[in-house]
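This is the structure I have questions about; it appears just below.
The chains carry the letters A, B, C and D, assigned in the order they are written, with residues numbered from 1 in each.
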């Protein structure tokens, strides 16, 4: 499909990202996935330096901040390229949850917090995490939350239990969502508070084993407890009671970032599927790609990936022009649509690879495991479908 | 989803089409569908006059020819509006197979044929048809064909058997695809010949009963026999042996026209589904639209229709910029993709309507019956998927 | 798949039904479908006589009544055979809604009503219908109903509006469900009353056009109005206020009858698909059946039809041993499961036939149109799924 | 659904298996999955002793051999119970590949091999593996194979490369499929040879990392190399050249064993899904199970699992009565049908669990990873569908 979202600037910088990902990351990623984080971390740090030197660092940042000042439409297309490697976003410092925290702090953090935390984060010197989901409550209903933050003189005292705090292991700080105003209306109850992870009382209970792996460092999702954690009042991000409002502003772009990355995964899996189809012999003179079932999978995948990209970039364009809030419904749409395309494309790519597809000798099994969550995290399919339908039915008087 | 394909001109003329379709066609179409063609024809003729007077006639024609000289991207968006009514394309003289024949004759017919046939066709004074498919051969393999056209002095003598000759009943002429050069290479065997339907030997065997209706006039699909039909040599369209080449040029845009129209149907069915969901009571205070299953259908339909439109208009843009041939693969992609979305949307809309959905009291049952063919005509899904996959796998060395 | 539900008796009589259907019905059914009911009726009457003479009449009736006294498991297997022809059930007097009315009257009608109405119905001398669904209320919530029946001395006066009163056109009587006790608890409000169709005030408004056809006689679905219809009190069937209870008893077996018939349709469509696949040439030496996509459809259809039959006959066995009420949940299960298999098998069979599949030159288009309702009538999929899930979740304390 | 396959004997012994699995295995299995094989092995050995003492050991063995002499229909129902735990089959010594090797050696091994290898295998004192698949060849075409076995005096010399040699790590011997007669017709080329794993030249290259885990011991799948491995001629199992014939006899029951086990997994996942649906609160007074989408999943899963069981046990009955060869087509049918039901049920169960579903805090993620292979191992879906379709189309003359 024709790229109707190309820009002059993008045409200039795009090839460098493709080149970097292909030459610097593809050859090492499989090996890294099978090693421990502590062994991988130095290697990735070196890659990051190379990316910085090549002027490819954090392209979404403004030019003053060392980025390229891209529109969402432009960044989306780079993000797809990054997504073709499991290491792409990390190496260019575009990885969740840091990118979301950077955007958030940019808008709402005090100058002191920016100086102390945002700058090194933007520079890739530290990592961060975001503590929202609690095991005791359905994630689909975010206003249900038990973590509390009590203002006590110049301090805030936090107590609570979170999980799926992605990349907490090794992070310098966590932005914690906590109830500060229990009696306020549901959406005005919570606030966001920056909590250094070396704070007394901040307990990393475990890296949750997910799909067979607890992982470590950046590649992990923690269960944490906040036991009478004390931070200065100035660690409040934005206004008290505006936690949900800010979370919405953080989650909207967060979801489209995921969609962009998923399309990158789809393209890579698609490429692997075609490569396999063209080369795997069934018998003399007949390869997998001659089989009509495989052809069907290739054709359906191509159509669905193209559709996904057009949907995501149209949504990005709306965000660029009207803001993330105006594009709320489009974001819900692409969230469930692209997540499901991702599942289908991965499944077909695995089946095309046969037994090889379930081994860790290709990337497919990594994505199959770690992207099953795509239909769950940041709102399950069911919630986004309901949101979209209700917004539509409102126009019909419901 | 944001309309990223809007143009200044489109913004100007679009509302007039929406208005016409809504006010002039929606109120009459259900009634017409249940009456005979001979009763409907005068009503439709009057509507056509109104459309002409309003300057809405055949917008795809150049301005000199009385049209609006639209790009494919622009026409696509009007075609969608027309497609929301079962009468839309006909009333604006944009209906298949005439629109395809007009495009074809425009490019390849002699001046005499243009004067005698194309002009009144463009003006809506006569109708035409196109004779290609033969019952004895799989349509998916177009080079298999038994209809012959023998050059005999100044005349051509045709013999053969065709079916699915859409709108033959009442048409003034048929463009017949016939083998003129039996021993040429497969794709150079056939030619296109204009055959007046009042010619001796041109036999309309029957209007084929399709999904319960033989229909009549424009709403019919004929089985025909050519029994020693004689036409002057000058009725040859284009060059001898170039029938397939021209058929490809005719079919490419033809397929995208269908896709545009299908999206119009999807939007109308979607609107009916939402209307029903918002108003049909299950019990006091609970309507269908409160049910999560219905919400799922609405959300999935919205996503799939939006994806379809983006795919189709992107393809249209490519045709505008690079020509239909360059967009061959994209056209295959949207052909199967949109046809399947259409099936799903219609099915959900019917299920939402319950028993009402299978009656002829709404348009849904008409589309359900008459668009099942969308996955078959102009190439079945399976053929388009294989074409797409093979084109992709070529890049992988297959 | 092995037939694990065969019985000695079935082995004896089964071939005669297969034989009759194949030789007496297959050759005429397509022709009949394209003619009017008044022309078809005498032909069918003759077929019925032949069936009676061959001892194949109404096998579900007890032996005293002229039937074969079959178990549900046995009848199910014959019903499947009947279902392979669109005329099967009618010719053997096993057609809905008569079979349901026969079962109902057998259990609940007074001796007078049995003498006057049931006997000729069992004998095929008259036809009947059943008036339940009302256009103003969602069929999924049967207790919502506006038709009233007021006891007035020795008479009952009925007023109301019904639709989808199948086969009303030409029927001698209608069993009408009407509210007799407006203030009773919801499930005790309605009663069943036998209303002769020649009664003053019984108005057949129209045969509803469904999927393009209003049909006529047995092949029709009426909209009716009851305008101050008066019948004697003795026309009450069963006890006053027990209408819903009896409806449940009527609908349970009614649903399994449909499932059995659908499997017959599946088998016939499957046979047509295989026949086509084995014979339709794509090119020299290659037929449709060599294509892997077609093979997939055949394999998936075979598996799903086999699964359907096992499910239906297991349910029948439970009905035989424990009664229809005990099998309520199983009946809901097969209702939605088999209806969906039917849709898939028909769709694949049509696609395999290409353009021919949408014509009326095969039976597929008839079933495609007239069985789309299978997912709606007698309770839409959504209602049956919810019933099943709720029954299961009850065991988990919900 | 009614159990139409119950037997008197089964009714007697069935509860003991349910009891054992529930009380002895459910409480420990999650913990074991997260530990190393060497730590788990002694625990499992103790469980096996308990099972033996309870008379539950290897019920498929004849009574003389210490089993219960069950029919396939009976064993199938116990196998389902075992399958509800990830440890079930192992603890009762019914695990693949040992059960397949036991059946095979029973039929074809010499008395010496039986004495030396089969007896301790049946007794659970040793484990075994089966070397068939080779990475260089598509598993869907089993006659393509490069491993060779050359007869050299009294010895056989093996060279080759195998992978997916399940449970090789710690096994005492491997039954290797190797080409002995290169010039014979394709299906007469290979033989089966018993190779002790401590043989010089038998190299376990690695336990293949599959879906993130290399595993160990019984829970592993090895890549092996045979480097001039020498075994005595008497290690030949069955006749030379009959390897494929025996493989077919081994694989048929092997496939149905998988299907039975998968149904057990389905039932357990279904139970977890219902439990979660009934208890997970969305908000005060509303749990997941009140959501219609969840109800749909529960209903569809129930229907599909019931259908699967009926299909599998019908096939088992045919095997009991007519032998595995006669049921070849039914086995292909259930292989792809049940594998796909398994995927769907697991997927729905995970989605119902939300974030918890992708953690290793439940069994779902283990099955999600390790049963994705179900659609691949022992023949991918595509191969079984083609086999079934071709067998059917043969009856239509193709």
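Here is the rule we use: a residue touches a chain if its C-beta (ideal position, glycine included) is under 8 Å from a C-beta of that chain, and two chains touch if they have at least 3 such contacts.
What you are looking at is a predicted structure, and each value in this text was computed from that prediction instead of being measured.
Of all residue numbers used where subunit A meets subunit D, over half belong to both copies. The two sides are thus made of the same residues. Across the two interfaces under comparison, A-C and C-D, the one joined by more C-beta contacts turns out to be C-D.
Chain centres here are Cα means. That of subunit C falls 43 Å from that of subunit D. Between subunit A and subunit D the centroid-to-centroid distance comes to 38 Å (mean Cα coordinates, whole Å). Per-chain CA centroids place subunit A at a distance of 53 Å from subunit C. Annotation for subunit C: residues touching 2 or more other chains are 291-293, 296, 382. Subunit D contributes residues 1-2, 4, 274-275, 277-279, 287, 289-290, 292, 294-296, 298-300, 302-303, 306-308, 310-311, 314-315, 317-318, 321, 330, 333-334, 336-337, 382, 384-386, 388-390, 392-393, 395-398 to its touches with subunit C in the complex. The residues of subunit B lying in touch with subunit C in their complex are 34, 133, 135, 138-141, 144, 163-164, 208-213, 280-283, 288, 291, 293, 350-351, 354-361, 365-366, 368-369, 372-373, 375-377, 380-382. Here subunit D touches subunit B in the complex through residues 291-293, 296, going by the rule given at the top.
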